[in-house]
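Some structures to go through are shown next.
One chain, chain A, appears in both complexes that follow, with chain B as partner in the first and chain C in the second.
Our next item is the complex of A and B:
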């Protein structure tokens, strides 16, 4: 279990996180939404134990994995426990692999696993992530979306207990997006997954819990609707695409139903039901 | 105006990626390039801005061929915002980054500084003028790359996933910049995975990865279910919602 306790951190001359507390239990699927510059990537880095010292400044609080700070774990223990896939796939590629298959094996090799185990993990990951057709390619010749899928695969090959993904879908075509979600959903039940995003659409229907990060502070509202219809959330990240387009259509046509934040559609299924009713009315 | 005529290209040892691709982006027009991952969208940009050489065909700006010219000469006509701004930023200060382009034109100092403030103002980065580009947030870095291209005041703009990962505030800023550039008569090409963004902002679509890439007006493209399936593109939300009403 990961626990963030009153985390205050800064970068250069600014305070980025101003007292963030969060507890993620085993197997939870959590989404953290926030606008650009809200501190999502900084929080992701601290959750994954990337920033202790350096240019990132910790002023109070911290992060604990099973009760101990990341500094108390060895690099190998940490890498086998938590994996962070950041926004820029090219920055994750090791530069020590000539092929996609070698890139996926790079992490397990560095855990010092037996050869057969490395090969098994490499081949299973290639298959599970649908990367077999790219196995012999140089990682740096892949397209942006293909690199993003490779980086997610390389992280999964370490079989972490906590996966953190920072805007993982923004560069993926629809097929790759739904496949990546299915790979995440097929992870063992004790693996926790945290997705950071600016876009509510990508995590609706996936997350068990939804948090909002705004100006360095995190909030969890009562439920998903209360979160998405919060005025600050609407002003910064905007409504889900379905809700926004539905409201535009409604403005033009007028609806037979009284719509409020309790029953405005968030998904296509909900929108279809209302539109079909109003058409037959 | 940007014209691409019968472009042909293959990476070494690989099958032909483009075979006779043609497209025209008139002045004041936005073309969206769409298609699945690995379809060749970013490769097309490299063929336009001279980072790769086509095997066949040519690229024209304002009726003049730029094919075969040096990258620095092409850069005087075509500005590119790459997919990862961190790979294109290199200066130590925001204003230096933006001034670099106009300086290559040999403009006098007052005109350079006027262009720098104008571009930073349009990208909401004026108050970041003295910061290090890599200390900016991801969205600010993207807009700094956009500002650097705007300050060049070029007839053709290429934007590779410029809308990616932007929140509502920054998306609206990008849309107003696109609209202003279109009104100013620029030829704009954007690679985009977000079909709602394409539907709101583009005039025509060039879909890669299907049998024969054709340039299609936005409403016709999103109504053509066969092409959409072929190139693995989702219909934009308003189209999908309107289906439920008929």
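Our next item is the complex of A and C:
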């Protein structure tokens, strides 16, 4: 379980996170939404234990994994526990592998795992992330979306207990998006996943919990619906595309159902159900 | 770019040899080059180029050899043979003089460079960087050292690609890259600043990534497909090492 306790982080000139507290239990699927510059990448880095110095200034608080700060774990334990997939895939390629298959095996090789275990993990991950046809390619020659999938695969090959993905969908086509979500859903039930995004559309049907990062604070308004309809949230990240579409239709004509914040659809599945009902009515 | 494309795939016995054996051989040639007299240096260089031909990498090795060694060899011969004042300067024609000892010295220096260059080119054109790294890992060399070897090869392409992208972006925004040398120098400065800052940001990010993936968490790493090695090659490597030690001792005590 990862716990963030009153995290205050800033850079030389400004404070970015002003008291963020968060508790993620095993197996939870979390989405953290926030606008550009709201501190998503900063929070992601702290969650993964990447920063503890450098240009980042920690003024208060911290992160605990199972009650202990990341610094108390060995590098091997950390690599097998938490993986962060960053926002810019090209920066997250190790620079040590000459092929996609080698890149995926890189992490497990570093942990000194047995030979067969590494080969199994490599082949399983290649297949799960649909990268088999690229196995022999140089990672730096892949397209942005392919690199993104490779970075996700390389992280998964370490079989972490906590996966953090920073805007993982920005480079992906719709098919790759839904495939990535299904890969994340297929992870063992005890793996926690946190996705940072600017946009609610992709993560909505996937996340169990939804948080919003705004002006250095993180908030969860009871449930996903309450969060999305909060006025400040509407102002910063906007409503999901489906919801906006229904609101637009509502304005034009009265429909069979009385739609309000309590039953406006948030996902395609919900929208389809409403349309089906109104058609049969 | 040059580095990453020197390797020519092939099936010769030199291609198949373990990279550690080849690098030991390369080091032996380098050490030996300090003991050989000038004619032998040039003869051995020629033999190495011929081996390259026999291994099917002759073309790539020879043109690079000519391209890289010719300017240097010419400069050494002109400088030592005709410019640097020596006691045995002989007039040739008008103001042109030459010195026999100078030419001999040039032949020695040029021959050494030629031999080291030819054997290095043969090594890199028959050894895939990835195989070299796996061999080092399998021999339990420190992972950091092999990373130092690998990353320039891999990142260079990316770096040149980015330089081109930045330069294109600046040109579309009206930065002129041709014209007087001064203008070009200005353009180069404008290119270097974003290139270096982005390289630094990348380096920091990548070092986090490497740590997060357990790189150097242990003093060794598992290698899933180590390059083939044989008892004979191990024996050869030890023999070459002993030979190099003897050569070094001879040079020091001489």
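Operating definition for what follows: the second predicted complex is superposed on the first by the 264 of 281 C-alpha atoms of A that agree within 3 Å, B and C clash if a C-alpha of one lies under 4 Å from a C-alpha of the other, contacts with A are read in each partner's own complex, and residues count from 1 in each chain.
Keep this in mind: a residue touches a chain if its C-beta (ideal position, glycine included) is under 8 Å from a C-beta of that chain, and two chains touch if they have at least 3 such contacts.
The shown structure was predicted, so the numbers you read here are calculated from the model rather than taken from an experiment.
Contact with chain B, but none with chain C, is seen for A:173 once the two complexes are overlaid on the shared chain.
Looking at the shared chain after the overlay, A:76 reaches chain C, while chain B stays out of its contact range.
Of the two partner chains, chain B is the only one that A:249 touches; chain C does not reach it. Applying the stated contact rule after C-alpha superposition, one finds that A:268 touches chain B and leaves chain C untouched.
By the touch criterion defined above, A:145 reaches chain B but does not reach chain C. By the touch criterion defined above, A:90 reaches both chain B and chain C. In the superposition on chain A, A:235 contacts chain B only, with no contact to chain C. With both structures placed on the common chain, the touch criterion links A:198 to chain B but leaves chain C unconnected.
The intersection of chain A residues touching chain B with those touching chain C, taken from the two complexes, comprises 88, 90-91. If you check the complex, the residues on chain A that touch chain B are 11-12, 34-37, 41, 87-88, 90-91, 141-146, 149, 167, 170-176, 198-199, 234-238, 241-242, 244-246, 248-249, 253, 268, 271-272, 275-276, 279. Of all residues in chain C, those touching chain A in their complex are 128-130, 133, 137, 143, 146-147, 150-151, 154-155, 157-158, 201-202, 204-206, 208-218, 220-224. Residue ranges of chain B in contact with chain A, taken from their complex: 11, 35-39, 41-42, 83-84, 86-87, 131-132, 135, 137-140, 161, 164-171, 193, 196, 232-234, 237-238, 240-242, 244-245. Considering their complex, residues 45, 48, 50, 54, 74-76, 78-80, 82-84, 86, 88, 90-99, 102, 105-115, 118-119, 122, 138, 140, 154, 158 of chain A touch chain C.
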